[in-house]
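First comes the structure, then the notes that go with it.
Every chain is named by a letter (A, B and C) in the order it is written, and numbering of its residues begins at 1.
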């Protein structure tokens, strides 16, 4: 097991917070002898209540239900999800996650760790993360993939609730596959971050997202570059947002999209999902 | 060591192919995002703190003696669109050509042999800086400066922008350059103990999207 | 046997594919490189096309084009099918064609290297500059000889005006002589002016539209190539 990255997505100084909530939810999916995915570990914690949904077919489907407002400043939250060899785990959320300011002005952290074994598939499709005015969240998403693992991962960030300024949001997404780093991306938006709202980064867009699909088939047949929304030269007028679907240096395709709001962002990502074999 | 070598390396006339690239300025001009000196400055500031910071970290790490092939993989992982990976390798190959003629070294030969189609440019530049006896911080400065001087020069050609204004933009960004170069060098210093994960990975969604858009244009002034 | 770094010190340009070194990295004599420059619309691309047609059966040829803002010249050569596509490479010049052939030749050297690798060994590489002004010349690091192409339609005072292209090119081509009567140009006067500017350096008058119109240029290329090939390997 590779050590967790010493990521920059950490508050500069993180004292052992006493004020905030410390909680880690854990999920382990394991394929039984009949190829049905079971859940030997399904531990909700703090704000994360885990609901099993569906129930038919070999795949296990979990919905993360927010049990309280979180993360607040000072909180230390984490989700660990593992799909062991041959298992199929599908994770969604019931509602958007809203990063809110805490009482002390301290930053919050939220770490998602996903591990996918050989022949296993993990879908991580949460609802958007909304950075509320005054909040300060440092988020990491770290994915470890075995050589034949499959992954579908969506990440959406919305900068500010309707009519308010954004909080500060640092996020780092690191995906390792077979011991090599496939994707390493840091985003930093909001007060105190130089250049984030410029024409090179987000311009006036306030919703930004990614859809990552990793599957061994891309080794043989890499995804073709596909421009999305306004970038594809669609009808002018009201902006649909813009994006691109592109192959990574490895068996993966990444959609990067920016849009004026969460709705249009989701539309772009959903469109893009149709171009990948995922879905 | 000779600090003067930094002037040679960072000179816009250093023959390493940069003049044919706009650093994303051409699509930004066409989209109306760069239209004058003020908007050029905003663009350059955003680029500097994202792509520039990543490049500064990679260059400083190469100059500090980190394994260039590990850095090359790290650069791939930090460059999610193929258009920008290709540009980085192409410019790396051209930088290699110039570097081996100006500061020949075994390290440059070894990287050229391992990556005949080019390694990512900041890594080659960092290795060239090392061959020239420069420090990791020097390499970070050179690459960060080039990261904004390229778009500024391109904007002069694309918009017939007053060259004095464009140069003033670069001067206004001096404090940002100091900060980015220092951050890159500081992260590079941690690579020996923490690995390449210590390097910055700042992303700029619009640069990625518009780079692929630009690569598909049938008619354009700049290669990127 | 020399150590690698000793060679580096003696021949630092040996890795650059610079024209300063007459050999390939493997020690064989490399292809002769000839640059073609000159103002826009004088017939550079047409000359390249005609040269390819005249010489392609006897020589292994490749072409590098330097366009101003498109790949038009490369595409013209492809459409005219003067050479197979893999023998033509376009270099993008960032709105500065003279920079790419003179001040920073790295992209052109890369194209030369790639062509040698893909379709080599080559006998002749023609490097065509983007249409530029009278001052544009090729770096000696990129080409062995340069041809400067002007035409009679540009006015008969161009040779008299001089400039590095007119005065120092290894061959000055004055094209479109068939138009001379229509534009009121005195060809003899142009020849006199060129002689005054160039001394013993040769001048070729061409009318590419005519049958075998490129012959003065292709003959000159053959002579240069014979001298080149006779050089030490």
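In this section, contacts are C-beta pairs under 8 Å (C-beta built on N, C-alpha and C of every residue); 3 or more make two chains touch, one makes a residue touch a chain.
These numbers come from a predicted model, not from an experiment.
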Most centrally placed chain, judged by C-alpha centres: B
Chain whose average C-alpha position is farthest from chain B's own: C
Approximate Å spacing (C-alpha centroids) for the pair chain B, chain C: 32
Separation of chain A from chain B, taking each centre as the mean of its C-alpha atoms, in whole Å: 29
Gap in Å, rounded to a whole number, between the CA centres of chain C and chain A: 55
Residues of chain B that touch chain C when the two form their complex: 13, 15-22, 90, 93-94, 96-98, 100-102, 104, 106, 109, 112, 154, 157-158, 218-223
Chain A contact footprint on chain B (complex, rising order): 24, 28, 33-34, 39, 42-51, 73-74, 76-83, 85, 176, 179, 187, 190, 194, 196-198, 200-210, 212-213, 216
Chain B contact footprint on chain A (complex, rising order): 5-8, 172, 174, 180-188, 193-203, 205, 208, 225, 227, 231, 242-244, 246-249, 254, 256-258
Residues of chain C that touch chain B when the two form their complex: 4-5, 8-9, 12-13, 15-18, 68-70, 91-96, 99-100, 103-107, 109-110
